[in-house]
Amino acid sequence: MLLETATYAARKSSLAERFAQTRAHTEALCRPLQVEDYVVSSMADVSPTKWHLAHTSWFFETFLLDQHEPGYRSPNPRYAYLFNSYYVQAGERHCRAQRGLVTRPTVDEVFQYRRHVTDAVLALIGRLDGDEAHPAWKIIELGIHHEQQHQELMLTDIKHVFWMNPLHPAYRAPLPRTPRVPPLQWHGVEEGLYRIGHEGTDFAFDNEGPSHRVFLDAFRIGTRLVTNGEYLDFINDGGYRRTPLWLSSGWVAVRDNGWTAPLYWQESQDGWTEFTLAGDAPLDLASPVTHLSYYEADAYARWSGHRLPTEMQWEVAARAFPLQGNFVDHGRMHPGTAGEGMSQLYGDAWQWTQSSYVAYPGYTPSAGAIGEYNGKWMCDQWVLRGASCATPSSHARLTYRNFFPSDARWQFTGIRLVEGA
Amino acid sequence: MLLETATYAARKSSLAERFAQTRAHTEALCRPLQVEDYVVSSMADVSPTKWHLAHTSWFFETFLLDQHEPGYRSPNPRYAYLFNSYYVQAGERHCRAQRGLVTRPTVDEVFQYRRHVTDAVLALIGRLDGDEAHPAWKIIELGIHHEQQHQELMLTDIKHVFWMNPLHPAYRAPLPRTPRVPPLQWHGVEEGLYRIGHEGTDFAFDNEGPSHRVFLDAFRIGTRLVTNGEYLDFINDGGYRRTPLWLSSGWVAVRDNGWTAPLYWQESQDGWTEFTLAGDAPLDLASPVTHLSYYEADAYARWSGHRLPTEMQWEVAARAFPLQGNFVDHGRMHPGTAGEGMSQLYGDAWQWTQSSYVAYPGYTPSAGAIGEYNGKWMCDQWVLRGASCATPSSHARLTYRNFFPSDARWQFTGIRLVEGA
Amino acid sequence: MLLETATYAARKSSLAERFAQTRAHTEALCRPLQVEDYVVSSMADVSPTKWHLAHTSWFFETFLLDQHEPGYRSPNPRYAYLFNSYYVQAGERHCRAQRGLVTRPTVDEVFQYRRHVTDAVLALIGRLDGDEAHPAWKIIELGIHHEQQHQELMLTDIKHVFWMNPLHPAYRAPLPRTPRVPPLQWHGVEEGLYRIGHEGTDFAFDNEGPSHRVFLDAFRIGTRLVTNGEYLDFINDGGYRRTPLWLSSGWVAVRDNGWTAPLYWQESQDGWTEFTLAGDAPLDLASPVTHLSYYEADAYARWSGHRLPTEMQWEVAARAFPLQGNFVDHGRMHPGTAGEGMSQLYGDAWQWTQSSYVAYPGYTPSAGAIGEYNGKWMCDQWVLRGASCATPSSHARLTYRNFFPSDARWQFTGIRLVEGA
Amino acid sequence: MLLETATYAARKSSLAERFAQTRAHTEALCRPLQVEDYVVSSMADVSPTKWHLAHTSWFFETFLLDQHEPGYRSPNPRYAYLFNSYYVQAGERHCRAQRGLVTRPTVDEVFQYRRHVTDAVLALIGRLDGDEAHPAWKIIELGIHHEQQHQELMLTDIKHVFWMNPLHPAYRAPLPRTPRVPPLQWHGVEEGLYRIGHEGTDFAFDNEGPSHRVFLDAFRIGTRLVTNGEYLDFINDGGYRRTPLWLSSGWVAVRDNGWTAPLYWQESQDGWTEFTLAGDAPLDLASPVTHLSYYEADAYARWSGHRLPTEMQWEVAARAFPLQGNFVDHGRMHPGTAGEGMSQLYGDAWQWTQSSYVAYPGYTPSAGAIGEYNGKWMCDQWVLRGASCATPSSHARLTYRNFFPSDARWQFTGIRLVEGA
């Protein structure tokens, strides 16, 4: 899983602190919720909040405490069955489709489980003080990043749960609306042989490496994301009714699902609204469009006469720009505003690329159950780059490879265009 | 809906009392539950407890208060959408398949809604004092019986919710086991012209009438229900593997669902267990077998060389016997013991008949939405007679026609046999 | 299967003749077909013509020749697998859903198979001359009636095959249109105890007995079937859009299948047309409406303020009238005209009753595979009475119990009404 | 569609000849078939032979004759509806799922249709003599290559039709078995910047260009395909039961479809057999394994410690070797033998690559309906390289990009391995 080889021991105290902060942040995200909200799964992709809370604890229990803390005992041995997501080599697990049917353990019991695991991990960190080469350090680091992924999912999932409720409850208070955006401009990149993928000793997922060379023809990439207003032009131009704009399977998805707009958009007598974490709101035309499938991103690009970037183009173009954005943990939680140069790279919306999610040359998954983290999903998914408004800021990375299938819409996903290649 | 013509006003005080008791009993059934337990639907037939609590209030609101209490206002006008079950003429309604996804209103809010409706109904009852011919009396009576039906469903539904949870939580404390049962004997009925169906001024559902004559050949009917032990003989004799014992669609159900025993039975190294409202327990051989589909009841009857009764046979045979049984509200909640004469008619298990659920001669549903209560379900269902251990005792009736499709197993359903016709 | 007890030997010569005629008539029905037409199955209920030809031969082979003709050998032992329909006790069989995928044996080979079986049966009949009590006689009689059932299916199935072809080919030449029909009148029947079901030594299927007594209240029954023109009034009155007219599952069928008219009706600029065995034709307003589901028949009856008859009402009312009609083998092949008294009982359209298809009191299926003929289908089907224009005239019977599920529309099914009960 | 810009007129006489030969070869492939065999579709991916014959004629009619032959008239205007495959911009079309239900036009009529189109195209070719720049030349060339694709599909489709028939008929006589194969060796390629994709004026599909540069790390590629015998080792080692060898969706496919071997393999008491175009035969251990999904190819590669090549690796490695193989039109029709150097590149089995089917940099589909040929399928498919035993030899090309989804098994698909990158 972990590509870097440096010892973590030197960073031990910061690791303990980051671990504790990550655990606390997960729990802080639950504050707006009622007990009932933790329980349900509103569609196959959505897990209950309660499950996220428990699964991120199970992860530390299974891969860290069961391996490296001899006296560790789970508060309930059945939790291993209930809260394993998809790690076949870690034992039998509960059917994903039934996650939303499990009323016990209660929310209180799940928080107790979390405290139990958090305490045990902190004790282990203390005990390992000085043992710089201990393999536990890497697992703790991985567990933190794993939990951050679930922090993002908790927000996208509860948004969908609230959306499916005819009452459309709000998770948080509204944000100020986005001011006007600058016109879309193009940032040029020369042809050449470039190095791609993660290097160095900082944390990265295994799928971000090995670092390797790619040749790219010259291209120009959009300096900001496509806005709601621009996407509305596509809709008003009949975008959802013009078959030739769509991939064949995309057209089937449009027809079978009755798509006429991004997820969470609704048209009423008073114009378009979108459902946000703050409830229903008038559509913000200057914000980046989000909650799009790959099919819609691809059709929009075709309609506009451009293409989606490859993940290599995205990474090469983004390398020169700082890792900053409108992240949720900086106080924002909906797509933000465009700044100078290449903007909106991180913290607004994941950006669909036209690169399939396949292994980099020389990629080898880790041995054992932990090797199932990334590799076994390399089929029928597209890479998304950047980071969304729901991504924890310390989780965003230049080389990060997110991935979803073509029809996924419940994530904060958006569009950046390229031209000239 | 209501067949009788007598005025209810004379019984007003008792009606107010029965209404209040019914509402209170519904809420008492919730005492063993945690907040999380109220929310989920574990399969298409199962509604969340929260939904039952609200829907039985919506029923009074829609058919009573909105019609007869001019100043009545619902606490939330969206509740009419959320808590209408299937009354097309009462307006748009929430998709049944999504009942288990609704986290708001919270459980607390639903109890507030109940109190609001209960208070308004009691106020209306007070206001109508003396107006003996007012149509509201019949609606109140119907609403009480409607709520009693949901009391039974609350128990069968939470049982299924707990069963689907790998932890198999218990709803209540265990009961003493059933002592030995007397041997199965046969009660004879002569051929003749008999009158069937509800008569008189007591409450009955519209589908129990009109009363009419039927001719029956002589027959003999079992004096008690088939037991778990007897049904186990059928299993051990290969009952679930012998195609000729089954209806054609029954065999498909066996194969596609992998049925090898009644719902809630499990075979382990220590023998058969059954999941009960008190959690997992060793199979009680002397108890009536329950949680059977029509297919299984029919196959068992064929295997044993008998038949299931028609609903006419059942009613004619049962007429001579008192309306008594092991009802839940008398302190029992699992199938009971066989007594003298015709026993276990009520209070153990609903008894599958080989009568399809069709209209009695001359049946006409009520006008308007309330007419959807029974009539529109008269297709592809079988009549069940008697009452189960989960039926409120004051809800059981000689002429009661319960109905379920052939593959329903989550109710307390059992087998009584006939021979000779 | 066979209820009668008389010996068949006295009728041997006529049996040989009827057998040969039945086999020849089956083949004569194929004359309008091209080789390609024999092969396909246009939906789950439809079998290829080739399959009907072979299956009716397999029936004689399995239940007659294999049992009673020691030296008999099938031309291909795999045919038993390919052409068994649903007789579990007769061995493994080909999946029904794949009947339309079998290109070999070819049509020529299937006709050879037929000749092989026909010759062997005729030889057996000759050999049994004088052995009046031989069980083979009953099987031959049953096989003839079985083949007649498939003669009707061959017509309804090829009609559907041609309908599914965008070219809408014709099976036969057009018939003269129906003249005007007399007004609908009502034939009264007094209340009383009546005997129902087959008696005597003529052939009947086992499900037509035992004969038994039923009590009926007085009722009045329509003297003719509902016409296309009358059904069009229902459509024009919004019948397919008015939920309260429909059974709950019927409304789901209307919505999910997009039903707006009977099967084979199409609305164009020039008005309504119907697809017939003679291809597309203007709707004949005076003909009985056909190709209706039970749901549509039931909704029409409700809309018109009447009900469908029970099968007991139908049989009691029809007993006084002769067994005559516009049968296909009398030169007609689409619904005919109404005559005097009770008319259109046979030879126009099967008439949906509101009786579920369940066993008569005392019914016991035959032992062995032949017992699967009728009994195992007694679930979720409705009885239809009379006979259609596609029924062989010698196959129609007063006590005949045809049966189909609620949503079946590809048979010639129609509506007779009752009132007053 | 066509990348080259050279005039075709100089090659006119050879084009007329190639066109006539292609049409004749398509028809020659039908010689072993009975009329019945032309009609059916044995699964969603399989089209009836009759449809292939007609569709390849419709293609010339729609894109050539309707555009460039003013007086052209189709023998039946409904054919355009029946035989359009997926070209949305060419008008409404018949549902793919119902292709196997169309008995008319008959086989004879379809051959007449073919002759009508063939004659019209030949007349057009004669008329255009001398008009070197006429756009029709490119369409004719494209139509020939399109028809060749269907020649391959006709063989794979009829193989599946015969497989689904329990009689397992044979399409052709058996071939001699494959002698022993040389051991698997590795052909090395140095790291470097390579040019990929079609260049020049010969025909290629639009998806083979534009030609462009890619950087490749050094790698070594197998000199022959994986054999049935080697794949059997994988099976015997529990390959189909070891979850960690599989992609996540691959494991679902294995479990849901019950896969335990390649399509067409069967295990009996006498060992493994495979169904071939010559009927059932003992498994030929020395032949390349075929009829594998991507999932199985990928799992085998993982099990053997190697990977599948990228399409870039395949093309760079294959460039140095001649375009030769065991093609069907050279007298063979099942996978062949390994020769010297890089062998079995063409004419044995299409080789799964780990490259998703996406557009090359700068790719733009043609305008109009013809642009739907390739571009709209660029989603959730993998590229396969080389050519199979069923590919017409003149259709194989170094730069050819075939594509299928992960679970496709009815094509002749096999495995070539890489290592070291």
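As written, the chains take the letters A, B, C and D, and residue 1 is the first residue of each chain.
As a convention for this text, a residue touches a chain if its C-beta (ideal position, glycine included) is under 8 Å from a C-beta of that chain, and two chains touch if they have at least 3 such contacts.
Here the structure is a predicted model, which is why all the values come from computation and not from measurement.
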Chains contacting each of subunit A and subunit D, listed by label: none
Remotest chain, subunit B as reference, centres from CA atoms: D
Centre distance in Å when subunit A and subunit C are each reduced to the mean of their C-alpha atoms: 60
Inter-chain centre distance, subunit B versus subunit C - centres from mean C-alpha coordinates, in Å: 38
Separation of subunit C from subunit D, taking each centre as the mean of its C-alpha atoms, in whole Å: 47
Multi-chain contact residues (two or more partners), subunit B: none
Pairwise chain contacts, counting only pairs that touch as defined: A-B, A-D, B-C, C-D
In the complex, subunit A residues that touch subunit D: 86, 88-89, 193, 212-215, 217, 243-244, 246-251, 294-295, 307, 354-356, 358-359, 361-362, 371-372, 376-380, 405-406, 421
Residues of subunit B touching subunit A in the complex: 34-42, 50, 78, 81-82, 94, 98, 100-107, 161, 164-167, 169
